[in-house]
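Below is one structure; the comments refer to it alone.
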Amino acid sequence: MNENGLTTTRRTILKGAAAGAAVSFIPTRFAIGQAAKLKIGLMLPFSGTFASPGVNIAEAFKLRIAENGGKVGGRDVEYIQVDDESAPPKAKDNAAKLITKDKVDVLIGTVHSGVAEAMAAVAREEGTLTICPNAGAGKITGEMCAPNIFRSSFSNWQPAYPCGKVMINDGLKKAVMMSWNYPAGHEATGGFKENFVANGGTVVKEIFLDFPKVEFQAYLTEIASIKPDGVFVFFAGAGALKFIQDYAAAGLQGKIPLYGSGFITDGVLKQAGAAADGIKSTLHYADALDNAMNKKFRPAFKAVANKDADVYAVQGYDAGTMLIKGMDAVKGDIKATKALYAAIAGATIESPRGNFTLGKNHNPVQDIYLRIAKGGEETVLGIAHKALADPGKGCSM
Amino acid sequence: MPALSRPVIALLLLAIAGAALFPLTAETYYLKLMTKIMVLGLFAMSLDFLVGFAGLVSMGHAAFFGVAGYGLAWFANKAGIGALEVSLPAALAITALVALAIGWLSIRTTGVYFIMITLALAQMLFYFFKDQRYWGGTDGMNVFKKPKLAFGDWVLLDLSNRYVLYYTCLALLVLAFLLLLTLLRSPFGRVVVGIKENEGRMRALGYDVARYKLAAFVIAGTLAGLAGYLEVVRSAFINPSHLSWHESGTVLVMVLLGGMGTLWGPVVGALALVMLEDSISSLWDHWLLLMGGFVIAVVLFLPDGIAGLIRSLGRRAPKSEAADD
Amino acid sequence: MTEIVLETRALSRHFGALMAVDDVSIGFEKGEVHAVIGPNGAGKTTLINLLSGELLPSSGSIHFKGQDITRLPANAISHLGIGRSYQKTNIFPRFTVFENCWLGAQSRLPSSFRFFRPASRYDAVRARTERALELCGLSQRAHATAAAMSYGEQRQLEIGMMLATEPELLLLDEPLAGMGAEEAHKVVELIQRLAKDHTIILIEHDMDAVFAVAQRLTVMVNGRVLESGTVEKVRTSKAVQEAYLGEDEAEGEAA
Amino acid sequence: MTAAPFLELDGIHTHYGASHVLHGVSFTVGAGETVCLMGRNGMGKTTTLRSILGLTPPSRGSVRIEGKDVRPMAPHQIVRLGIAFVPENRGIFPTLSVRENLMMAARPGRGGRLDWTFGRIIDTFPRLGERLSNMGNQLSGGEQQMLTIGRALMTNPDLLILDEATEGLAPLIRKEIWSVIRAIKATGIASLVVDKDVKALLSISDRAIIMVKGRIVHDGPAAELAANPETHVKYLGV
Amino acid sequence: MDTSYLLIQTLNGLQYGFLLFLVASGLTLIFGIMGIINLAHGSFFMIGAYLCYWLAEKTGSLWLAILLGVPISVLVGLVVERFGIVFLYKRDHLYQVLLTYGLILIFNELRAILWGNDVQSVKIPAFLAASIPLTETQAYPIYRLFISFVCLLLAAGLYVVIQRTKLGMTIRAGAANREMVQALGLDINRLFAIVFALGAALAAFAGMVNAPVSSVYPGMGEEILIVSFVVVVIGGLGSIKGAFLGAMMIGMADTFGSVLLPTGSGTVVYAVMALVLLWRPQGLFGRAI
């Protein structure tokens, strides 16, 4: 990209640093006697609906760096945190500020898909290494994919897709899908529908309500009158909790089985209690996963964050691993972009969710688990889909 | 009618010269910030024409800002057209039509009704873009393909270049200012200003007041559309919040802060507000608390805005007033 | 000269239960000065508001030169050549006198949807403005701000703005209201001058002024026409004597 | 009659925005006295009344009620010192019924005096009694005027201020209003009356005041003025 | 669409309508009597909801929360009136819009400081948490019936206060002619304070009873404010009757709109408003403008 070159050159001149191109192995900036700190911008929601995922990601990411001796590729790190408020309109300015004013070397973020897309757009333009630790917007590793953009989490399509088959396997052929009227909702329900219809199911009704409204009553009334075999939903956070409670209050729990992308129960299971009993969901992680990494990670996270780890924490942790793997390969020279990106893309990431690799479009290729909720606990029923890769529609890389 | 005294003209010329030289010294960040300020300044100026001159207090001005933005996004993303000579006129034409429709409905009312109806109709458009999957819902659309003005291989304007964009915005801002000044001095402008001063009397003098108000509304809306178009070029992003009533409120604050009925005041208002946000927001999470207090303080203590302040400072020379009598 | 230019037929307007104008039928003749008198609240101003299109009648109709103008808006009526002045000074206070009259004069352009040429270069409008200023006697004050002028001058401006629209029929609502004797005299002279080539409908309390300029009178009480005709006819009307002009005596007897 | 008059204006100046309307107006109204305020349109009569009530506070001078300066007070506090106001435009509440118009104003006078009750008002204005459940805007002009006066009396005032109470009314109704005012005067309530009907005014007033351009030009016994028609012809131009 | 389905949706529409009425009636009263256009009115709704959440957490009881919350919101209303709105009585609507816009920013930030930006939920009291089964799958939550009932009760109470009491007469009189009310010896400032506090309390109360079903979130005040504007514009500014009718219309339009036309639900209420205005620019019960 023409523009990237221009920007980088220009900034280098402005900073009056040694001509960058000639000394590509040496970190460009020096503090007294040692390599300059690596500036990491954490652009995450620290307030609002997604504050809890935001905080968990940040804590787990820092935990991973701390486990690595507080260094990345041999360089000390400096964090610059920005609360993105999950507000897409502010995203461009926030990201641009981090890159052009604060001059971060790496950008980590974020939870909200719309914000992440805006971040990715700026990152593409400015050529800054960016790792997305949650937002599942298909575009980020689809039509917007770029050599410098990675994702440590999932695509919205990914955890929902296997659920279509799961419902068919349970003998349910007539489904209602419901989500918020926003791209994440459309992508997730789309993934479900793709697999559900392909295996002989029919979606009788698609309900999309205003984001982030949680007034479900009118729609639950409608579901009750349609009487489908099952309901598939994509909701997250407080909205998910509210949905589970309202679903039970409307008398539908146990009468019409409820399925969802795993976010329906993640992080709200304790509060939902019995109202969540029987909900089946598919996700690339489950708290109860039985592997060594997970058993090590969960207490470690609890020790620093003072709360239980969840899928978001795992994704933040893995973002740290991805950065470390890449930077170690280039010994801390962030300017060696080609080698850096290749190292990340080719790595096998040891994760509490089980090891995964990155697909061509820089999205994880990972196992999707089937879980069921009961009495405030989630039980893993098995793997719903092994090593599922996002199709990465529209990505030409 | 907008009287530009000599010191004000001198100040304005100085400001334009300063803005023209600014990119020579600025870092990318400040270059972009200035571009943003000019775009918002244009937006505020268009609202000032409506509020400060035509006397129509609209709380839905962001609707036009957003519609034009979506217009550009449609051309770039859905139709794949990057030609400025297509997308700009088309986006402005759509905006003008929308302004005509909203104006036609709201002009029939006055005062508080007008405020509420413009607010509600803008909100209707907000939901239109928010609810339709086609427009990308709350996540909006990213616009990577920036418009270009080219004849064959000869590229006249490539707005993906940040310097070109900067100077385009500056030029359009100045042009819009001159256009509105010209309008205000024309017979049309006299009528518009007369309506603000005494609507009933204008009617009795034989003016079909509603038509002039509607025309003023459409002109202001279309200019807001120009600002919206540039905003999307600048940020490469559009989502429903560009049409939200917060946006309408903020731009109204810019108009008041800068000084109503001056055209240039609101640009100063935009500058002040953006700089304030830029400097405080990173220091304090709850900077909006300060902002709220600031807005209230301006309403209570500086009702004529910064322009009023400048004018009262310049009132040392009573000569010009004596000349009037 | 008995051509009727303006005519009301059974014109009524009520506000709630209040009959402000009640079944009024008057014909105004071309070229005459026709005064409408009556106590405050008799419905005179409401009548003017109906004639100028600022109020819609509850029933009845208004005809101007044979055309039914009952439902026309005020601006359309102005364009037919009917101008009005207001009882309560109704000007553009923050504009200069010149600008005030300019707006009247400019309204006679076929349209003011002219966006680019500076207004000041429309010479015909300028000429009309200056003529109106001359007529109402404010040429010397053209550049004073309207709000800063004396009450009497504002009253003159009130008429000047109307004249700038070059109407053929004038509706004057108490042009002398609140004026001192000298100022009043000037306005009476102005009305006399205008009377030569305009039809004038005049509401006025000052009886001396009314008798000085009017050829015909209509007396209204409680929204109804009590009497209408030549000055002599009204002066000698028994009904008017009792109900209006002579009421002081009636009160005196009661006392 | 005590030493201090009930109402005393002392050199008040009042502005409406930039225009200076009253130029040092001074006069008094004694307890139980009926005073009329005359002058042509725009001479400042209504402004004088509004200045007394604090609705348009004077910029200079003082207004005293029973010797107490009321200038710092809010209109409702001034009124509660025993004044009732019948404004020029009548000020009927159109969305309230006749009964409600009267009831909302009801309060005892100073010292808990309750001379005027709902019943007595209805006795005084039998026509209101017939229309109790009608809304204010369904009344004729004369009925509205009676309602305004009745409503004023419901506050049991010591001073009744009437601004153009007979304006725009048919002669018969006017007569009725004048006789009501006379009856009120007979009960010992002081009044300050503004009207255009000079003869009627002079016949009921104890004292007459004439205003020209925001100044008092004449203040004397009404009978004296009635006997000297040239004075009022000069100032009032009738 | 069977009858029980229609019945439930109608109940949903009515319940939303009643809630809107509580908010809109305050808005319209404040405008009608004080001439103030108060953008911050929605903030009282939000404050009510957050107070309810906070007090319910502290006391463990929704009832106690409402009992304590109402006087607090009255107090907040009084403070806002005395220290903010009071400066606006003689100012242009433009300044009213801007000052109350500033108030919104302040309220939102204070809320963020006091209670954070998270979405919170309030528990429905146990004895109202059940549903009334209508068919095999359809049921109607009792708490929603309770909301409708309470709102209807309040609306009736408001009607009685306004139509039958001396305060009500004074309020109606003040809406018609502010100066005359003063001239009759009634303290208009006190009346303003009462009306403003009453409006604030109604909105806050609506936020409280609604908190358990809608949950509590930052943007809730502005959301309801704008819909309330629509209600008031439809009903006619200053008219309580109009506000009631408008609220019912919008409640129904929104509920059925979101079911029948899910992706156009946001626009439905505004389309209704536009239609009403085409027919009557001053709203259903508004005075001619």
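The first chain written gets the first letter, and so on, giving A, B, C, D and E; residue counts start at 1 in each chain.
Everything below uses one rule, namely that a residue touches a chain if its C-beta (ideal position, glycine included) is under 8 Å from a C-beta of that chain, and two chains touch if they have at least 3 such contacts.
Because the structure is predicted, anything quoted here is derived from the model rather than measured.
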item	value
Intersection of contact partners for chain C and chain D	none
Label of the chain whose CA centroid is most distant from the centroid of chain D	A
Chain separated most widely from chain E, comparing mean CA positions	C
Mean-CA-position distance for chain D and chain A (Å)	78
Rounded Å distance between chain A and chain E, as computed from the means of their C-alpha atoms	39
Chain centre separation (chain C, chain E; CA means) in Å	48
Rounded Å distance, chain D centre to chain E centre (Cα mean)	43
Interface hub residues of chain D, defined as touching at least two other chains	94
Chain A residues counted as touching two or more neighbouring chains	47, 181, 208, 210
Touch relationships between chains, expressed as pairs	A-B, A-E, B-C, B-E, C-D, D-E
Residues of chain A that touch chain E when the two form their complex	47-49, 51-52, 85, 181, 207-210, 212, 214-215, 217-219, 221-222, 224-225, 227, 237-239, 241-242, 245, 249-252, 255-256
Touch list for chain E against partner chain D, complex	166, 169-170, 172-173, 175-177, 179-180, 182-189
Residue numbers on chain C that touch chain B, as the complex places them	52, 54, 73-76, 78-79, 84, 86, 90-96, 99, 102-104, 106-109, 112-120, 122, 125, 143-145, 161-162, 165
Residues of chain D that touch chain C when the two form their complex	18, 40-42, 94, 137-141, 164, 167-171, 174-175, 178-179, 196-200, 203-204, 237
Residues of chain B that touch chain A when the two form their complex	27-29, 32, 36, 130-131, 133, 136-140, 142, 144, 160, 235-237, 239, 241-242, 282, 285
